[in-house]
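After this come two complexes, each holding subunit A, first together with subunit B and then together with subunit C.
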Partner chain A sequence: MAECHPVGFRWVMEARERGATIIHVDPRFTRTSAVANIHVPIRAGSDIAFLGGIVRYIIENERYFRDYVVHYTNAPAIVSAEFQDTEDLDGLFGGWDEETGQYHKKAWRYEGADPEPAAGVKESDEEGQPIQHNPFQAGHSDPTLQHPRCVFQILKRHFSRYTPEMVEQTCGIPKSLFLKVAETLCRNSGRERTSAFCYAVGWTQHSMGVQYIRTAAIVQLLLGNIGRPGGGILALRGHASIQGSTDIPTLYNLLPGYLPMPKAKQDKDLATYLARNTSPSGWWGEFPKYFVSLLKAWFGEAATKENGWCYDYLPALTGDHSHMNTVVNMADGGVKGYFVMGENPVVGSMNGPLHRKGLRQLEWLVVRDFSVTETADFWRDAPEIERGEIRTEDIGTEVFFFPAAAHVEKDGAFTNTQRLLQWHYKSVEPPGDAASELDFIYKLGLRLKKLYAEEYGQPRNRPIRDVTWDYPLEGPKREPKAEAVLREINGYTVADGKPVEGFTSLQDDGSTACGCWIYSGCYRDGHNMAARRKPHWEQNWVAPEWAWAWPHNRRLLYNRASADPEGKPWSDRKKLVWWDQEKGEWVGYDTPDFIVKRPPWFHPSKDACGKDTIGGTDPFVMQADGKGWLYAATGLQDGPLPVHYEPQESVVKNPLYGQQCNPERVEWWRKDNPYHRAYDDPRFPYVITTYRLTEHHTAGAMSRWLSWLSELQPEMFCEVSPELAAERGLKNGGWATIRTMRAEIEARVLVTGRMRPLRIKGRLVHQIGLPYHWSTKGLARGDAANDLIGFVADPNVSIQESKAFTGAIEPGRKSRRRSAAISGPPVREIDPKRWQRDLPPARRKPESQHSFKAGESKKEH
Partner chain B sequence: MAGAKGFFTDTTLCIGCKACEVACKQWNQLPDDGLLFTGMSYDNTVHLGASTWRHVAFIERPVPLSTQDAGAFSWLFSSDVCKHCVRAGCLESCPTGAIIRTEFDSVYVQPDICNGCGYCIVNCPFGVIDRRSEDGRAWKCTLCYDRLREDMTPACAKACPTESIVFGDLDELRTRARVRVEKLQDAGMREAYLYGEDAASQPGTEGLNAFFLLLDKPEVYNLPPDPAIPTKGVGRSWISMAAAAAGIALMAVGSVFFSKLGGRS
Partner chain C sequence: MPSGDGFSLSNWPLFRQLKQRDLFGLEQTAASPRTEALTARTASADRIVPSICPYCAVGCGQLVYVKNEKIIDIEGDPASPISRGCLCPKGAATFQLVTGSHRVQHVLYRRPHGKEWETVPLEQAVDMVAERVKRTRDETWEGTDEEGHPVRRTMGIAHLGGATLDNEENYLIKKLFTALGIVQIENQARV
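Take a look at the complex of A and B:
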């Protein structure tokens, strides 16, 4: 965190100064470790084993917050007798379908209940309507937590083998250190104290990335650290407004406010789409109000009840169009044009050579950035062109480069990890032709509208013609007013155009329009709430009048959990929100994240629907049963509970199960994306992990062109331990070549005691650290670490696995920068299918499971 | 705003982000020092110089911190800067009067007067000041004199996210620093101490206006253990020189006298 979020880390330092214990878990000793109280070196890719060990410690030693667990989590819920755990099937859950390589998720359901997930996979109701959505409403729960099939007992059994000894053998963390961490965490949790987890892509970029976070969620729910001040699981996002670009998404499968994109096969019409996404219980029962208001904001007067609010105008998903699939599809000639804005994928994403292969097949490419990045210049000075394998004159892609305005050159809001929208103002005009994305998209839209109005009159082009596109222009460059967009995002009543108070004012009858329901209220009464700058000494410690947080300016999600079931704070020290008997409502320092007038003793009736099913002790209002999910009965592809699987490429055999890797991971079996043996590949004996440094920003477009930052970390380097340096003959300051089946790169060597080999089952496991900032352009240059990494993804969110893989290292500047995408693998290929990766008889995943287009494209290989 | 100002750099709060280095270069529009991979931990600017006025040292030690559980290892960071010594060697040796003491008690090089003679460079016991090869003149930290004149905090202290670099009135800084050391000692960080906070602790410079809280010997941070400015001895030199001159004169007179006596005999 000190490395990549130094400004946010000031609060960690302040907490440390006030007596908090800072524990840093990382394969390397980083700037964060340097100032932490405890550093825990871990084998990259083994965090579920570590966190699972903590879950076991909490349960076995009865350190969980019992009142919290019984009332606020689904620990008492009873799971169907059909359920089979990974303990029964050596690493697979029940419901595994060998043919499709996917799970039948119904095998994990609750007894007599089938809740809708708040997010994630939503299955179609082919098997008919389930009998009940809320297990607590249905009465299938055991508050004594003794029922052998209650979630608590299942959890206990599931993690029973994650002992301190197993943690030591899997993660390389000495037993005594593990116990110290577990004890410190438990001691700092409970009524009087809370602990928080902070994580970044070191947790998410794995083939079971979502399950890493799930494991942390289980720990925090057991300890009662969710919805309470000082608790939580905090995702540190990689850029200033990555949170914002998820809320108002740049993701292919989401509409603003986490509304799912319609699916072509299932969501034939508005009624079906709404029925499939409206949860019969919990807050997602409000779904139609948010969706209809969104369509009303987008299509204005054209959206009427009769035409389904222009539902048919929305594009619908025909398959997986996530990043890696799109690139693979592109490499096979399936993509015509590509917009790249504020990203440098040939450096920042996996398997750069494969990306460039894709770019070469495009008809056109648009890049908007501060400088001509490697992505914009892939046709001129890429490694394969330097080597003469590809000739510039053979590339047909037409490239358009547009200079972009920096954040100080435009108005707008940043949404940070705590969902806080902070407005920033333009301080200087962008130089020359540089313009903001808002300006670019808006003016592109105007041109499209003109084109479609004049030349393409067909009815199918109505969406472009009908979309509302009328923001006022301002400034010397006549740019659209950013606040006008914020106003639309906030929402307004259609009749008078007045901003709505918040999402509770939204309707599904077309009387309101709203660009993103969760942001509704950010422009309340016509004021830009995100621009509020009231200092903290003029308000309470929660500082609710500094900027604005979604939803409804709630600074802490699910904060009903900060009070006990009767509505009284768990302790005076951790007081945040409570039930005021006299007023008959929830009050506190923060805006209550609960139905304000719903008393703690409220019990929903058996036939209640939507938000009426939320009981007085159900803090997790977005969940169908109002509880924090220790066990995810639905919503995930790869299991209701986290399981330690090894990464796609590992140095060790899975010590816990016969199943080596996440059985549902997404693979791309192609010649330009070869994999290593699952474990113990003699050609690739070392663990490699990648990361960022404080001195540079991600793929470097914002830092490698600046002398002041470039001089601080001027070249690509690798970090190795003195032990590995001795083993491989590497010299500090010298050169090394690092190799995988995908590519080889060279780097300067930094031999440092901050890298420590781990002892696992008596064997020394070495890890190599690779920062990934550099490439062929800018002032500071070097080879791109991401060229080494293959395409493998988590099945839930299609995140790549870049934080743990295997490779080889040798001294010297021998790299010819060969890559599998161009010249074949740099290392002799051994038939990868000879090595068992998955548990017999569960065969390797069928190839085109998640990749609609990639499946087709494989014919060429 | 005038009055003695300085920096208290608390290395226990430094996270090694180098924001101070970059903020300094940006505000003062300094050129880079060359793109050189050193292999010295994360330190690639190596030391203070004509175009690096803040420099963060990265020290990897096979010694644990007394308050940390991280094996037999620790990583120290320290943001170094011109000390603006109470007795400044550079100032006292400057023959042109280019180096002056300002109303903030800081030591400032006037670039329009400096003739590049370089006397200041050899007279700085910390190796802070240096000549820029392009223009031959001597450069170093100005304590952001231009910002102080506008009642602004120096760029490095302003940019520091963890208050490792604190700017302020020297009296207050000294009190703050002493309280801090006491607090750290009480919390078990026995190795914490102040470097150069006053004349008593560092007679060779009579104290530093930019002083430090350190966790190891000064040498570990590339700081001299007992710095003394060469001009500090000038008075004594003059006296001994005068005595020597007097002695020589006496001897000369004596020899003449005695030779005369001898001649007479």
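Take a look at the complex of A and C:
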């Protein structure tokens, strides 16, 4: 955190000054470790084993926050008798379907109820069947937590094998150090104290990435650290508006505000789509209001009740259309045109050579950035061109490079990692032809409307005709006014165009329009709330008048949990939001994240629906049952509880189960994306992990051209321990070649005691550290670390596994910069039959469009 | 060092250091009249424009100092409760990011099989892109999937990028591209 989010880390340092204990868990000793109280070196890819050990410690030693757990989590809920745990099946849950290579999620449900996942059924539907809509009532629960099938007891059994000894054998963390961490964490949680988890998003980049975060959530719920000041799980994200681009998603599976994109097979019409996504209980009961308001914002007068608000203007999904599938689709000739705006995938994404292979198949490519990136210049500046394997003149792709305006040359809002919308103003005009994306897209839209004007008779062109595209223009270049777009995002009443006050004003009858319901209120009464900059010294420590947080300017989500079931703060020290009996409402330092007038003792009636089912002690209002989920009965692909699986490529056999890897992981079995053996691959004996440095920014386009930054980190290097250096003959300051089946790269060697070999089952495991900022352009150059990494993904969100894989290292500049995608594998193949990652039932893997849900398939491209 | 002209004991640095208890000469005694007359570059700005750091998601506050319609400096904003005036090395280098000579000022075009970039006027380039979008969309349109379910889309066009852009920009990208039937829209949030 000190390395990647330095100014955020100043608050950690401030906390330390006031007595907080900082624990840093990282394979490397970094600038964060240097100021932490405890540094825990860990084998990359073993985090669930480590956190699972903490879960076990909390339960076995009865250190959980009982009142919180009983009232605010689903610990008392009773799970159906058919549930089978990984304890019973050597690493698989019950419900595995050998034919589809996926789980039947119904095998994990609660007894007598089907809770909805947090956002309707969007991720959990199987077999195209609508999920039965029973409002979840905790009719089957045991507040004493004794019932053998209650979530708490299942959790206890599930994690029973995650003993300190097992943690030591799996993670390489000495038992005494592990116990010190577990005890410190427990001691610092409860009524009087809270602990927070902070992570950077590399934590999610694993084939069980979602379950990493779930394990942290289980720890935090057991300790009562969610929804309370000083608690939580804080995702420290890497880009200025990466949170914003998730909320208002440039993501294939979502519409603004986490509304799912329609699925072709299931969501055949508006009524079905709404029925499938409207939760009968909890806040997602409001779903139709947000969806109809979005369609009104997009299609204006054309959207009427009679035509289903233009529902059939929306394209539909038929599978996973996420980034890696798009690239593979491109390499196979399916994608003809590609827009890349402010991103440099041939450096920042996995398997750069495969990306370039895709770009070569395109008819046209549009790149928008400050300077010509490696992605824009792939046709003349790439290892395969330099090696003479590909000739520039043979590449048929037409490329457009548009210079982009910088943030100081345009108005707009970034949403930072704590959900804060912060406005930045235009201070000068962009230079030359540089323009904002707002301007570019707006003008492209106008052109397309014109080009299609003659063909509006065809139904497929009507969305282009009807999409609302009237924004006031301003400035010498007649650019669209960003605030007008913000107003549409906020929402307005259709009749008079007045901005709505917030999402509670939205309706499902077409009387309101709103571009993103969770952002509703950011432009209330026509005031740009994101532009508020009241100095911190003029307000309380929550600083509610600095910018604006979604939803409703609530700074801490689920903060109802900061008070006890009766609505009183758990302790004076940790007071945030509480029930004010006199006023008859929730009050506090922060805006309550709860129905303000709903008293703590409120019990929903039996026939209640939607938000009326939220009881006074249900802080987690977005969940169908209002509780924090220790056990996810629905919503996840790869199991209701986290399980330690090894990464796709590991140096060890899974010490916990027969099942080596996440059985639902997504693989791409192709010649241009070869994998290593699951473990003990003699060709690739070391663990590799990648990371960022303070002085550079992700794929480097915003830092490698800056002399001030390049001077501080001038070239690519690899970090190795003195032990590994001795084993491989690597010299500090010399060169090394690092190799995987995908590619080989070279880097300067940094021999440092900050990399420590770990002892696992008596054997030394070495880890190699690689920063990934470099490539061929800029003042500071070097090989791209991500070229080494193959496409493998988590099944829930298709995030790639890039933080734990295996490889080889040798001294010298022996890299010829070969890559599997172009030159064939740089290392000889060995028989894939010996690579089994899966138990026999999980071996059959049906193919989806471009990827495989998991497992081994013979089909090669 | 004292020099011939105008030497006076009271002006002699060592004497001043002793007198002002500034033994190492690191405090006020180090200041010369010239230093005292200097002002910060930022003091001459015509206006100060509030902004936010464009690098990581901490979202530190920035102040942009503008003089004669040129940015002369970018500093941390002390009023921000997030950063209280601090910027890390990247944030502090923002001035170079936005004013550096690496910034391309013209639209560049590489024709199929071409070996060099050419420049094209902005308006023409946007026209060309719009034509290509239409052509590809029309050629690759899918009305239904293999089983006959309506999909109303093109898989021939894809988009990547968003986490470095503004919310308003992402909003228009998603809105326009969805209306065009493009579904392969992705950004760094998944990469």
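What we mean here is this: the second predicted complex is superposed on the first by the 820 of 861 C-alpha atoms of A that agree within 3 Å, B and C clash if a C-alpha of one lies under 4 Å from a C-alpha of the other, contacts with A are read in each partner's own complex, and residues count from 1 in each chain.
In this text, contacts are C-beta pairs under 8 Å (C-beta built on N, C-alpha and C of every residue); 3 or more make two chains touch, one makes a residue touch a chain.
Note that the coordinates shown come from a computational prediction; the quantities given were computed from them, not determined experimentally.
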- Task: For A:R598, decide between first (touching subunit B), second (touching subunit C), both and neither.
- Result: neither
- Message: Once chain A of both complexes is superposed, is A:P6 in touch with subunit B (first), subunit C (second), both, or neither?
- Response: both
- Message: Is A:K627 touching anything from subunit B or subunit C once the two structures are fitted on A? First, second, both or neither.
- Response: neither
- Query: Which partner, subunit B or subunit C, is in contact with more residues of subunit A?
  - Reply: C
- First (subunit B), second (subunit C), both or neither: which does A:G396 touch? second
- Query: With the two structures laid over each other on chain A, which partner does A:L712 touch: subunit B (first), subunit C (second), both, or neither?
  - Reply: both
- Query: After superposition on the shared chain, which partner residues are touched by A:N416: those of subunit B (first), subunit C (second), both, or neither?
  - Reply: second
- Task: Mind working out whether A:T694 is in touch with subunit B, subunit C, both or neither, as first, second, both or neither?
- Result: both
- Message: Just to be sure I read the superposition right, which of the two partners does A:R31 touch: subunit B = first, subunit C = second, or both, or neither?
- Response: first
- Message: Just to be sure I read the superposition right, which of the two partners does A:R739 touch: subunit B = first, subunit C = second, or both, or neither?
- Response: neither
- What part of subunit A is shared between its subunit B contacts and its subunit C contacts? 6-7, 10, 694-695, 707-709, 712
- Note on the structure: In the complex, subunit C touches subunit A at residues 47, 49-62, 64, 66, 69-71, 74, 77-84, 86-94, 96-98, 100, 102-113, 115, 117, 121-122, 125-134, 136, 139-141, 143, 145, 147, 149-153, 155-176, 178-191
- Contact residues on subunit A for subunit B in the complex? 2, 6-7, 9-10, 13, 17, 29, 31-39, 177, 180, 693-695, 707-715, 717, 732-733, 748-754, 756, 779-780
- Task: Would you mind writing out the residues of subunit B in touch with subunit A in their complex?
- Result: 13, 15-19, 21-22, 25-26, 31-39, 41-42, 44-45, 60, 62, 67-71, 73-77, 161-163
